[in-house]
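Each structure below appears as C-alpha cells.
What follows is a pair of complexes built around chain A, which joins chain B in one and chain C in the other.
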Partner chain A sequence: MQTFDLEAEGLRALNSTLHAQAANTNQTHWEIVNPKGSHAIAVGLDAPIEVNIKGSTGYYCAGMNKQATVHVHGSVGPGTAENMMSGMVVVEGDASQYAGATGHGGTLVIKGNASSRCGISMKGIDIIVHGNIGHMSAFMAQSGNLVVCGDAGEALGDSLYEARLFVRGSVKSLGADCIEKEMRPEHIALLEELLERGGCDAKASEFKRYGSARQLYNFNIDNAY
Partner chain B sequence: MCGIVGLFLKDTSLEPQLGDMLTDMLITMTDRGPDSAGIAIYGEETTGNAKLTVQSDTPDVDLDKLDNDLRKRIKGKVSMAIKDTHAVLSIQADQVAAAREILGEIRPGVRVMSHGSTLEIYKEVGLPKNVADRFDIRKMSGTHGIGHTRMATESAVTTMGAHPFNTGIDQCLVHNGSLSNHNSLRRKLRRLGVHIETENDTEVGAAYLTWKMQTGATLGEALTSSLDDLDGFFTFVVGTKDGFGVVRDPIACKPAVMAETDQYVAFGSEYRALVNLPGIETAKVWEPEPATVYFWSHNAAPTAQEKAA
Partner chain C sequence: MKDDHNGAPRTMPIQSATFSNPVNAEIRRAAATGIYDIRGGGAKRKLPHFDDLLFLGASMSRYPLEGYRERCDTNVTLGTRFAKNPIKLDIPVTIAGMSFGALSGGAKEALGRGATMAGTSTTTGDGGMTEEERGHSNKLVYQYLPSRYGMNPDDLRRCDAIEIVVGQGAKPGGGGMLLGQKISDRVAEMRNLPKGIDQRSACRHPDWTGPDDLEIKILELREITNWEKPIYIKVGGARPYFDTTLAVKAGADVVVLDGMQGGTAATQDVFIEHVGQPILACIREAVRALQDLDMHREVQLVVSGGIRTGADVAKAMALGADAVAIGTAALIALGDNDPKWEAEYNALGTTAGAYDDWHEGQDPAGITTQDPELMKRFDPIEGGRRLNNYLKVMTLEAQTIARACGKNHLHNLEPEDLCALTLEAAAMAKIPLAGTDWYPGKPGTSY
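== the complex of A and B ==
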C-alpha cells in the first residue's frame, strides 16, 4: 500500500501521482493522510485503484471519477463525486450540497446525511444515502437511481426526467412534476440490488418510489404563468 | 464569495488563546476573500464603561490626542488604546451618545466601527494575514469572536465595505452572499430615517436588523423576519454580547459548517477553517439547516431557534 501525506506533499503532487496510475499498475492501494478539508482531492482518476482518504475533505472530492474506488473516512464538502463516470465513491460521514451532481455512472454511497441538491441533474449515477437528504435533491435528474434510507427535504425531484427515486422515510414536499409511483416487482429487485451495493440494512418493501409525471416534457400553455 | 469564521468558547481556560485561534481560522479562509478582512472580538468589560472602536484613514492626524480633546468636551473619563488605523475609546456608558456627536464635530474623518461594552471591531482592506497582524489580533483574549474575509461583489473594496458591521450595542453581523434587493431596501430604510453610509449590500442587511430591533424585535425575531424581507443569498453570522447566531437563506447555497465540543462551538464557511481546533477529530460536525435561526449563548444551554436573544 502507498501512503501519501497531503499536507507534506501538496495537492498537485497527489493528483498527478494518482493520474499516472495506468490500468495495469501494481500500486493499486493508496492511503491519503492529513486531508484537512482540502479541495479537489483525488479528482479525475481513471484507473482501477482504491484510494482511502483518512479524514474529511473540502469541495469536489473524487470529481469526474472513472474506474477508481475512493473511500472517504470522514465527511465531504460540496460537489463530491461531481460528474462521476464510473467506479465507486464511499463517504463514511456526511456530504455537503450537490453530492453526485451530473454523475453519468458509477456508485456514490453516503453513510451519513447528504444536504441540499443531492444528485442534481444526475445522468445515470446510482446514489445511495443511508441518512437524510436536503432540499431540491434530484432536481432535473435525467437517469440513474437515488436511494434514501432516511427522509427527503423540500421539492424532491423537481422537473425530473427519468431518474428513479426511492425514499424510505418522509418526503417534506415533492417538486414540480414529481409523483409517487407504484413499486412493481422489477423495482423491488432493482432496489434490493442497490441496497446491497450500498451496504444498507433496510428492506426494499419499506420504500416508496417517486418519478416523473412526464407533464413537463412538451410545452403546455397551462404551465406558463 | 466570502469566508466566515466564528468561535464561541465554553471552556474559559481557552480565552487567552481566542485571538490566536481565530486568526488561524481567518487566514485559512484567505482564498474565499483576499481583498479585506475584519474581526469582532468580545473581550473584557469594565463596569459602567463602554467601548467605542473608531477608525481613520489618517490616524496620525485624527487619533493624535483624541482622548484629551474628547475628555475636555464631554467632561468625563476617556482612555484610548491605538492599534494601527483603529483606536478603542473607553468612556462612561452614559456619555456615549454625547461622545459620538462630539466626535463628528472635532474629528469628521473618524468613523465608528463598533459600540459595546465588550465588543471591539477591527477591519481593513488587505490580505487577512496582514489585517490580523496590523491589529495584533493573535494576542487578544476574549469569550467569543467572529471573523470575515471579503471578496467584494456588490460594492467597492473599502474599509467601510469590510465586515463585521455593528448593528447595535455589542452586536455585529458578517455576511457571505449577495443581497439582490439592497437598493430598494436602502431607499425604504433611509425614508424611515435609518443612517446608511455606503452602497454595500451587507450594510443594508445590518441596518435592517438594527431597525427591526429598534422597533421592538428581538435579534432572533429580526433574523427570522430577514428570511422574508431580504432577497438574495446569505449566510449570516451575528455576534451578541453573550454568544452568536447563525442563519442561512432558504436556498442555502453559501456554505456553512459548524463544530461543537465540550470546549467550544465553532463556525466556518468550510471545514478546513476548523481543522486545527483542539479535539476536532471527535467534535460533532454538521451543516446548519436552511432558513433556521440558531443561537449559542453563555446564558443558556445551546438551543436551535431561540427567540429571545
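== the complex of A and C ==
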C-alpha cells in the first residue's frame, strides 16, 4: 500500500505519480489522504491500480478513468468519473451534478444520492445509484445503463437515445421522448447483474425500465418546441 | 409598358426592397414546408469586412522593405502562457475545426497534408479524431466540444493542442445537427449512436457552466495531459471584450475568436444571418481585453470568419491578432463549389459558388459527404497540394503588404498602418476614416 498525502505533496505530484504506473506495476494499491475537496484528483488514470481516497473531493474526481478502480470514502463534487472509459469508481457518499457525464465505459457506483444531470450524455458507462437522482438526469444519454434505487427528479431521460434507465422509486416527470418500457426477461437479467456489480441488494423486479420512444431521431417540425 | 384604357401611362412596377424576390421566395418555401431553412457556411449577407480597410504603405514617413529580398518573418508560437509544449508554426494561417462526418475522411486527410506542407496546424471537429488527420497533420488541435463525440484520453494525449469550443461565429449560443443521411457506419461508431439518425450536438457543455467551472475543467485537462498541451478557448463573435476577458480568467493559453462569416456544417439560416457580429467588429475589442489584462501577445489571439486572402491575414494581424484560421476558404481551395461541377449543382437546384446544403451529403465535389461514390471524386493528395499552394500564396501576399509597410515580421503590422473606407468599418475597427485622423467613438473627440 502506497500512501500519498495530497495536502503535503500537491495535485501535480499525485497525478503524475499515478500516471507513471505501468500496466505491470507492483504498486497496485494507493491511499490518498487529506483530499480536502481538491479538484481533479486521480484524473486520466490508465493502469489496473486501486486508489482509495480517504475523504471528500471536488470537481472531476477520477475523470477520464481507464482501467483503474477509484474508491472515494466521502462525497464527490461535480463531474465525478466524467468521460470514464473503463474501470470502476465507487463513491461512498453523495455525488454533485453531472456524475458520470459522457462516460464511454466502466462502472460508477454512488452509494448516496446523485444531484442533477447524472449520466448526462452518457455513451456506454454503467451508473448505479443507491439513492435518488436529481433533475435532467440521463439527458441525451446515448448508451449504457443508469440504475436508480431511489427516486428520479424532473425530466428524466430528456432527448434520450439508446441508454437504458431503471428506476425503483418514483419518477417526478419524464423528459421529451422518454417513455416507460416493458421489463422483459433479458432486462431483468441485465439489471440483476448491474445491481450485483453495484453492491446493491434491491430486487430487479421492483424496478421500472425507461427508454427512448425514438420519435426525435429524425428532425420533424411537429416535434419542435 | 401599355397605357391604361384612358391612354395615360401606367405606374411602373416596382419590386419592394423589403419584400424582395429572395425574401418572398423564402416566405413561400416556409409556407409550403413548415420548416426553417438549414444550410452550411457562414453569413452570406454583405457585412463590414476587411475589404473596408486599406493599408497606407510607406512613403516619406515610413521606410519600406525590399520585396522578395529583405526578410519578413511569418512564424508564430501559440500557447506560451502555461503549456510546456507551445505550438510553433511557420505561418500564421491555421486550419479551423471541421468535423469528420461533416467532411469526408479524404477531405480531412487533404487538410492535414496541405497544412503540414505549409508548416501550420489543422483542427479536428465534432466527431472525434480520425487516423487520416492525425497521420497527416504534423500539428493537430483536438477540439473539446459539448457533444464529446469520440472524446477520449488517448487522443487528448496524442494531440498537439486542445481547443475547448464554447461557441462558433456561425451560431454563437447554438448547437449543431448532423443529419441522418451523413451518418455512415464509421461516423455512427465514432459517435456511439445508431446509423442513420440525426445526431445533435449540444449548445453547451454537459459538465460545466460558466467561467469558474471552466477554470476547473481546464485544470483537469492539464492534469490529464501533464500540462504539455496548449489550451485554446474558442468563442463566437458575441461579446468579444467580455468573452476574451473571461477566457483569460479561466486559464486559456490561446483565445480563438470566430466572426459570423465563419462557416458551420449545418444550422438554421436565420441563426447564421442574424446572430453574432462580423469579425471586423470583434478583433479590436478582444485585443482591448487582452491589453487591459496585460496579456496581449502572452495569450495569443486567433481570429477567423471570412479570411480569404493575404490582405485579410495582414489586416487581421495589424488589428492585433496573432494568427488567423480558415475553414470555408480551405474547402474552396480543395475544390468545394468548383464550377466544373456546375451541371450537378444545377441538378441539386443550386449553382457553383452558392452550394451550401453540405448537411445533405450530396456534395458533387466529394468533400462534404460520406457517400462512397462521391468521395471517390476527391483526391486527398491533390487536395493537399492545392491547399499548400493556397496557404503559400496567402503568406506571400501578407508578406508583400508587411514589407510595403516597412515591417520585418507580420506581427509588427499595427493599426497605424491602416485606414478605413467607410464610417462603419472605422467605428468597428477603431481605424481612422481615410483622409482623416478620426473614427467614430475615438476618445477625446465628439461627433
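In this section, the second predicted complex is superposed on the first by the 224 of 225 C-alpha atoms of A that agree within 3 Å, B and C clash if a C-alpha of one lies under 4 Å from a C-alpha of the other, contacts with A are read in each partner's own complex, and residues count from 1 in each chain.
The criterion applied here is as follows: contacts are C-beta pairs under 8 Å (C-beta built on N, C-alpha and C of every residue); 3 or more make two chains touch, one makes a residue touch a chain.
Nothing here was measured: the structure is a model prediction, and the numbers come from that model.
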Q) Looking at the overlay, what does A:A101 touch: chain B (first), chain C (second), both, or neither? A) second
(Q) Quick one: is A:I120 in contact with chain B, with chain C, with both, or with neither? Answer first, second, both or neither. (A) second
(Q) Quick check for you: in the superposed arrangement, does A:F166 touch first (chain B), second (chain C), both or neither? (A) neither
Q: May I ask you to decide whether A:G37 touches chain B, chain C, both, or neither, giving the answer as first, second, both or neither?
A: first
**Q.** First (chain B), second (chain C), both or neither touched by A:P78
**A.** both
Q. Between chain B (first) and chain C (second), which, if any, makes contact with A:H135: first, second, both or neither?
A. first
Q: Please work out whether A:S56 is in contact with chain B alone, chain C alone, both, or neither, and reply first, second, both or neither.
A: first
Q. What's your read, chain B or chain C touching more residues of chain A?
A. C
(Q) Considering only the contact definition stated at the top, list the common interface residues of chain A for chain B and chain C. (A) 58-59, 78, 97
Q) In the complex formed with chain A, which residues of chain C make contact? A) 34-35, 147-148, 151-153, 156, 177, 179-180, 191-194, 197-198, 200, 202, 206-208, 213, 216-217, 219-220, 223-227
Q. Tell me, which parts of chain B touch chain A in their complex?
A. 250-253, 255, 257, 270-275, 285-287, 290
Q) Can you list the residues on chain A that touch chain B in the complex? A) 36-38, 56, 58-59, 75, 77-78, 93-94, 96-97, 115-116, 134-135
Q | chain A to chain C touching residues, read off their complex | A | 11-12, 15-16, 19, 39-40, 43-44, 46, 58-60, 63-64, 66, 78-79, 82-83, 85, 97-98, 101-102, 104, 117, 120-121, 123-124, 139-140, 142-143, 159, 161-162, 217-219, 221
